[in-house]
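What follows is a group of structures, each given as structure tokens.
In the two assemblies presented below, subunit A is common to both, partnered first by subunit B and then by subunit C.
Up next, the complex of A and B:
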């Protein structure tokens, strides 16, 4: 089971490493969101607005990257191949989830320091790393399920954001609320509630995703 | 349609109509005006039942979605779809009746409070549900994909509520079960709840039948083409 999970994950990783198409495009897009936001909010971005800017960039960049993960599968009928794999569909979900999670983590690892530097905030924030891992895992859990779903509809490009963004609203709120005290240099205690919400969201949606994924990819 | 089913529909229609007329009479004539907030408080008797029906509708969609995915009978799909449509309609009514009350009571149309925000997110999720069905192409695929959204969306609701509640809250805490309402007000509310629930059952029955007939029609058309 772990071997098949690894095989699916490795396939996604290799494809992306060989072309680097999606990650480069999404990084540029996420950076653009940060830049446009700083124009829209004026140059005096305070710590009130900054966490929102970061999470809008990660959520919007993420949703585009997540979409690509399944568009590529659909284009060359790779989804049929995946479906024929003699493994449980939950394993396929987990493999794709691992791929999307890695993608989103790379996005966050590149964008966050640039964002922090652009807004003259402290660049080294280990606590922010934990928030990012938990929030991005939530994005990946919901995004993998809905990307597989959206790719089977006619309006695949618009369908994923429409489905994804309202459902991950708890993640966005919790991530923004947890990021603000971190940027202000607060203690762990102030973050605890938000981290718990993020963790609960992750667990719930990984379980739901693994359970219903088979209905999304069946034909 | 069989004779008994038709009779049941007529009875249901008569009952819903009577309950709705009674509810109107009670809201506008019987119930006393609330002392502090005045006449505008009367919208409460519509707002609360509408919110109740919306929650009920999405619960029915959730159950219908699970049953459709496990049993694959067209009936459960039709029920889930019909209930989601009625649910979106009633959530729209929540989002309309709320601000009408909020403007005179709070001085603002909208605030990012837990209940308001949750209703708005709920509305967005189920509009997406209806869109998935529309954009899926084939009816069977639409039913299957929409069922997944019906399940994931419903599970998301408590998470949204808890998060937004911690974020900020302003909505009046429900006093219904804490003796905040006089007997006359409580009776009026109960009659309104009954009236709107009957309206919901009536609408869902009609919409479910319509959807079943539509899928039968599609089947017949396909058979004729072959």
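Up next, the complex of A and C:
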């Protein structure tokens, strides 16, 4: 099972490294969001506005990338090829989720330091790193499921944001609420509730995703 | 499971919305036998192959392959069967070798590099192993798709028009490969429009028309010269008739 998961992850990584078709577009988009907001708001309103800026950049940038996650599977009916493989469909979900998660983490690793620098915030914030990991895991779990659903629709570029953003909004809200105190220098204890909420959403979304993925990719 | 069992289907039906694609298909294919399925476009050949390959679920009916239940044991069965359809199931941005390695890992193929070399060699792909699939001609892509299908050395082959779109040289390579598989005692169901080639390969044949089997016979019961007339008559009548 792990070998199959790893094979799917490796294949997606190899494709993306070769084409760079998604990551470049998404990074440019997210970077533009952060830069434009930094000019629009200035650097004096950091802890009120800055968390929203970061999570708008990551969430909307993520949608663009997640939309691409299943496009390659649609070409040449590769998703059928995957479905023919002797693995549980939950493994396919997990492999695709790992690819989406990696992509979102790369996006966050590039964008967050730029965001922190533009808003005159300390660049080394381990608590923010934890929030980012938990939140993008939730994005990836929901996004992978809905990307698989949207890829079979004609208006897939529109369909994914319509499906994804409402469902993932609790994660975005929790991430914004957890980020604000981190930027203001709050302790771990003050974050606990939001971190627990993020972790709970992650567990729920991953379990539900793995359970229903089979029905989503069936013809 | 029964190692001596081939393919058995009873009452297979499939509807796409209101439109019936298959209507009550009964068939038996002995272990190591080749069934060739003829029929015009839209007859239900591809749907039948996809159901037998566990890719889509029938609306009604049951089937078993190698003694495994087609619905209940689908994951187990997929290790032992393969489907080569109209689509290649290959990633255009990866090379032929990378695609085959990916599928080899998904099927946990032992000695993958050796097996990959064997299959690629048999289908004349060795010089193109490191080319991206998207840069290959249609014929080479079809052969790469067949290499993917054969990589895990399945016992049951479901092949949908394997020679379609190939130039004579490529068609000859694929034909020789099919004969090899046949000699190795693999069980095959092949859909084709090519009556002469199909008969060469077949132990038994069926003709599908509008989702129903309208003709069914063992090859020794058919004179090859008569078959085009029988086929045409089947399509005109659209009703049941059988040899013998």
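The definition used in the following text is that the second predicted complex is superposed on the first by the 211 of 219 C-alpha atoms of A that agree within 3 Å, B and C clash if a C-alpha of one lies under 4 Å from a C-alpha of the other, contacts with A are read in each partner's own complex, and residues count from 1 in each chain.
By our rule, a contact is a pair of C-beta atoms (placed from the backbone, for glycine too) under 8 Å apart; a residue touches a chain by one contact, two chains touch by 3 or more.
Everything quoted here is computed from the prediction, not taken from an experiment.
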item	value
Partner chain(s) touched by A:14 [first = subunit B, second = subunit C, both, neither]	second
Partner chain in contact with A:86 - subunit B first, subunit C second, else both or neither	second
Partner chain in contact with A:152 - subunit B first, subunit C second, else both or neither	first
Subunit B versus subunit C as contact partner of A:75, first or second or both or neither	second
Shared subunit A surface residues [contacts with subunit B and with subunit C]	218
Residues on subunit B engaged by subunit A in the complex (per definition of touch)	69, 121, 124-125, 127-128, 131-132, 135-137, 141, 144-145, 147-149, 151-153, 155-156, 159-160, 162-164, 166-167
Subunit A residues within the subunit B interface of the complex	142, 145-146, 149, 152-155, 159, 162-163, 165-167, 169-170, 173-174, 177, 193-194, 197, 200-201, 204-205, 208-209, 212, 215-216, 218
Subunit C residues touching subunit A - in the complex, by the definition given at the top	53-57, 75-79, 82-83, 85, 87-94, 98, 102-103, 105-108, 133, 148
Subunit A to subunit C touching residues, read off their complex	3-4, 6-8, 10-11, 14-15, 18-19, 72, 75-78, 80-88, 218-219
